[in-house]
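Written below as structure tokens is the structure these notes are about.
A, B and C are the chain letters, set down in written order, and residue numbers restart from 1 in every chain.
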Amino acid sequence: MNRQERRLSRRVLLRRAGLFGLAASASALLGACAGQQATPTPAPPAASPTPAAAASPTAPPATPAAAASPTATVGPAAGEIVIGILATLEGAFALYGEEAVRGVELAVAEFGGAIAGKKIRLVKESTDATPQVAREKARKLIEQDKVDCIVGPLSGDEGLALRDYAKTIPDKTIVNGTSAAQDTTLRDPAPNFFRFSTDGVQWMAGLGTYCYEVKGYRRVATLGEDYSYPYSQVAGFLLEFCRLGGDCVAQFWVPIGTKDYSSVITAMPSDIDAIYVILGGADAVNFLKAYADFGGKAALIGGSSTIDQNVLETKGALRERVIGIPGAMPVAADNPDPAWKAWVDAYRKQFPQGLSTPSLFCWGYYVNAKGLLLGLQAVNGDLSDGQKELQAALAKVEFDGPTGHIKLDKNRQAIANNFVVEVAEGPDGNLYNKLVRVVEGVNQTLGLPEDKYLALGSFTRDNPTCEKIKQTFGS
Amino acid sequence: MRKTRLLAALLLLLLLTFPLWGSAYFVGRIFTPALFFGIIALSLSLLAGYGGMVSLAQMTLAGLAGYGYGYLTITLGQPWWIGILAGLAVATLAALVFGLIAVRSTGIYFLMITVALGMVAYALANQNRSIFGGHTGILGIRAPELFGHSLVERTIFYYLCLAVGLATYGFVRYLAGTPFGLALQALRDDPRRLCTLGYNVALHRVAAFTLSGFLAGIGGLLLVWYNGAISPTTIDLTRLINILVIAVIGGLAYAEGAFLGALVFVLVTNFASSFTQRFNTMIGLTFLAIVLFSPEGLSGIALRLWSLLRRTLLTRVAPSRHTGL
Amino acid sequence: MSWPQFVTVTLNGLTLAALYFIVAIGFTLIFGVLRVVNLAHGSLYLFGGYLGWSVADRTGSWVLGAVAALFVTALAGLLLQLGLLRRIHGQELREALVTIGVSIVAADLMLARWGGFTYDFSPPEVITGGLRIPLLDIGYPRYRLFVLAFAIALGLILWFVLARTRLGITVRAAIDDRDMVAAVGIDVQRLFALMFAVGAGLAGLAGVIGGSVLSISSGEDARYLLASLIVVIVGGMGSLPGTAVAAVLVALVEQYSLALFPTYAAIVSFLLMVVVLALRPQGLFGRPA
């Protein structure tokens, strides 16, 4: 069977080669068009703090373990463990995907590229951040590349898709990448899906309290895109803020893809202390810009993506608008913890072409890969018996990661530290998130009683309201 | 002619025995998706090859069938056969409505209005939570189970897709010879003359579009069973264009082209990302090369190679000098 | 909606309309004269934006960036027309398919070159910052008003060129009857190449002007292609006044719906287009095909 399979794929290869040959022969003429886009335009911005951004995401990996080409051999050879990395290596998120791969490679290097004498081989597969492609590529990793375990995916809806897929492959194991939809592990979890990273609600831990107690905000409005990740971020913020007595007077949910926020800003009530904004990438930039232009007076509070390093590194005149905005996330660039510093050093050493500071995506894939490798170590790399032993061992894995202690709850979801930060200007003039408060051991219900928390139901655009939070948990 | 038949029989034999000798991955993850994407692209071939109407909304229609099935079986908890009927009904009805709106436009206008309709459906699916499930969509959709076997088990599903694929292919080929099919081709070539002959041009267009919606809906049901979920990203602009790319690569005027194009497309999207970061450039260049140099697609190339050997591999679905491309 | 809010939202609509007009006018010119539906129009917009940003960053001059975007994109359009489209001229569908192919390739190559970052322009200080509108006591960004003024000026210039100059007369004649224009001895191929360059250049310029209202990032190509399509189809393809009226209509509808019922705002402008096409397939100002 195996030989036939290889013969077939070779034939397919030939066919594809023919197809691309056709394209290549045509490309002389097409060069007119392709060339015009690639015209030698001025070099990348000199001020760019992340020169690695333009580098190929498939930059030669530093670990020998990762050097194997995905199609060189199919299926695990004797004495080898194959781990699939599922990340978004194409499109606008390619930058995140590169960081994800680095995270896994960092963890593998820590173990010397082998577990109990078995070599670790990595196979990368790219998604376009949509659930259907994530599912398809996970199937390819399992069925064609014959990986033993998968680390990934990157985004929330992909996570839900893989959780459902995990249920159909009980003798394989999936550990999360950075996907952070809460329901992936909170509701209807899969027994072989493990998440050593925290979710979108947990990422808000500490922020509501900080804004109420330190910043003194009492009345806020919220603004976010209309889908599950912003729902969970807003809920995470309100769960703390409202219990302390804060009020949320208006909520704005804009359709995905909204770029012009001017009319939303106009519609904001005037008697508020702050606006909680959860928008990512270009949307965050557009909002911040419009808000400054329209002379918005209320203070801003940022969700995890609103002030993440990707937004802070926007090319251009953003900086004055973001300094001082508080937010919360699972990593903080200037964390004084020696473990964090050692980890950052290891990252810089292994990836000289990487970012100045490893991103949230690197961290997420790193802690998940590390959890998986510790589990593999505990069972001596034994994957027989449908990985039952591995899965049992993984559930018990506890370790001190770069951001502190990480352990799993009964749903195989991480309990870990979270960080309240504020955007600040570094000595080198670059913007970064300054650590202002560490929240230790954040669990999935933010320390609230689980039955009451679950009774709130899945978070949506109108759930939970401030009133409901106060009613359920008392203020 | 006999040689063509012989070749077709051989091909059929290979396809029928494929699960016996092919790799599980190729059976389940390459050929199976190629078959159902082929069916959706076939609905476009029917429209474009016969009716001269190039629609970008075929994936939307397929997706709506998937939503219909998901809504009925998951949200309302109905049995699968009601889901199937509802899915097909939704796709067909949507196609009827789309058709009524779009028939007055032709050519490039038709293409654009179908994009607009597709984007309306996408935006609606993205925003509506009660029926479409918002951005997350509908999760946990299960294929029908018969005699204790789920229809999406690898071999069963392959044969199901193959059977449905062959049936729809046969139907489209058969349609070419019917009075309706002939009228459509006439309508593509010279609508005014057809009008003077007393045919209701608009009615024929709407009927063809509705029929294509039904076909796309069949493909959409297979797609949603295979994925086990449906979300707005299934019907976003990229996926709408993908169906056109598939049909054009295969050859817009050939029923066979839809499946050939789908196979090539699935292969490239599954494997190219392992080799090159810029596989979208590869797909784009291939597409460009075919549009510029071989408007009849891979089917056209194959056909020419075949006739070079003085044989005929494929019979044209719709013999005409103006293929609509 | 309060009175100041109504005024602001209306202004938002009008300034967005200005942006839509600048983007869509190139599209409609190309279609009007060449009958080419240039589905790579969004790619030209994005290319102009990226390129303008890079030039502005290098030289420190936003104006220079805009000028560079205008000319380089015009050149890109010229190459597209002469290199790919000319040989299949007259085959509407095939031309549209070629431009789809170009847009797929262009999106990927631009991503390779400029990455997934967001680019934020810094226009000259004269036209940035906030402006207090007296009486209503509301703040309004000066740059958006500049875009409105720019669009009006551009519209007037185009109108003047089309109505009063020899070139304009030729162009209008070509829009009405290309064969006749060729028959009277005018070099139609040159006219086509020129119009494509102008249309593409305007898209590139819009990339800088529009990119400065919001920002530039990958994915903006599809967004502005769709916006152009809607505006041009509603207004009637090839019609200058149609494009202007439709830009105002579409942008106002978009902004009011975003302020009043954001959940379904994304659908409204597409529905507007569907309704117009269903009732009047040639668009508000278009001639029956």
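Here is the rule we use: contacts are C-beta pairs under 8 Å (C-beta built on N, C-alpha and C of every residue); 3 or more make two chains touch, one makes a residue touch a chain.
Quick caveat: nothing in here was measured; it's all calculated off a predicted structure.
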item: Chain occupying the most central position, where position means C-alpha average; value: A
item: Pair joined by more contacting C-beta pairs (B-C or A-C); value: A-C
item: Mean-CA-position distance for subunit C and subunit A (Å); value: 35
item: Distance between chain centroids, defined by C-alpha means - subunit B, subunit C (Å); value: 33
item: Multi-chain contact sites of subunit A, meaning residues that touch two or more partners; value: 29-30, 33-34, 94, 226, 255-256, 461
item: Junction residues of subunit B - those touching two or more other chains; value: 123, 126-127, 277, 280-281, 285, 288, 292
item: In subunit C, residues with contacts to at least two other chains; value: 84, 102, 105, 109, 263-264, 266
item: Touching residues (chain side subunit A, partner subunit C) in the complex; value: 29-30, 32-34, 36-39, 41-42, 45-47, 53-54, 91-96, 226, 252-260, 262-264, 266-267, 281-282, 285-286, 289-290, 293-295, 310-311, 313-318, 461
item: Subunit C-facing residues of subunit B, complex; value: 54, 100-102, 104-109, 111-113, 115-117, 119-120, 123-124, 126-127, 237, 241, 244, 248, 277-278, 280-281, 283-285, 287-288, 291-292, 295, 324-325
item: Complex contacts: residues of subunit B adjacent to subunit A; value: 21-26, 28-29, 33, 123, 126-127, 129, 134-137, 139-140, 227-229, 231, 233-234, 236, 264, 267-268, 270-274, 277, 279-282, 285-286, 288-289, 292-293
item: Sites on subunit C touched by subunit B in the complex; value: 37, 84, 87-88, 91-94, 96-98, 100-105, 107-109, 112, 222, 226, 229-230, 233, 263-264, 266-267, 270-271, 273-274, 277-278, 281, 289
item: Residues on subunit A engaged by subunit B in the complex (per definition of touch); value: 1, 4-5, 8-9, 12, 15-16, 19-20, 22-23, 26-27, 29-30, 33-34, 56-58, 69-71, 89-90, 94, 124-126, 130-132, 135-136, 139-140, 143-144, 157, 160-161, 164-165, 226-228, 255-256, 460-461
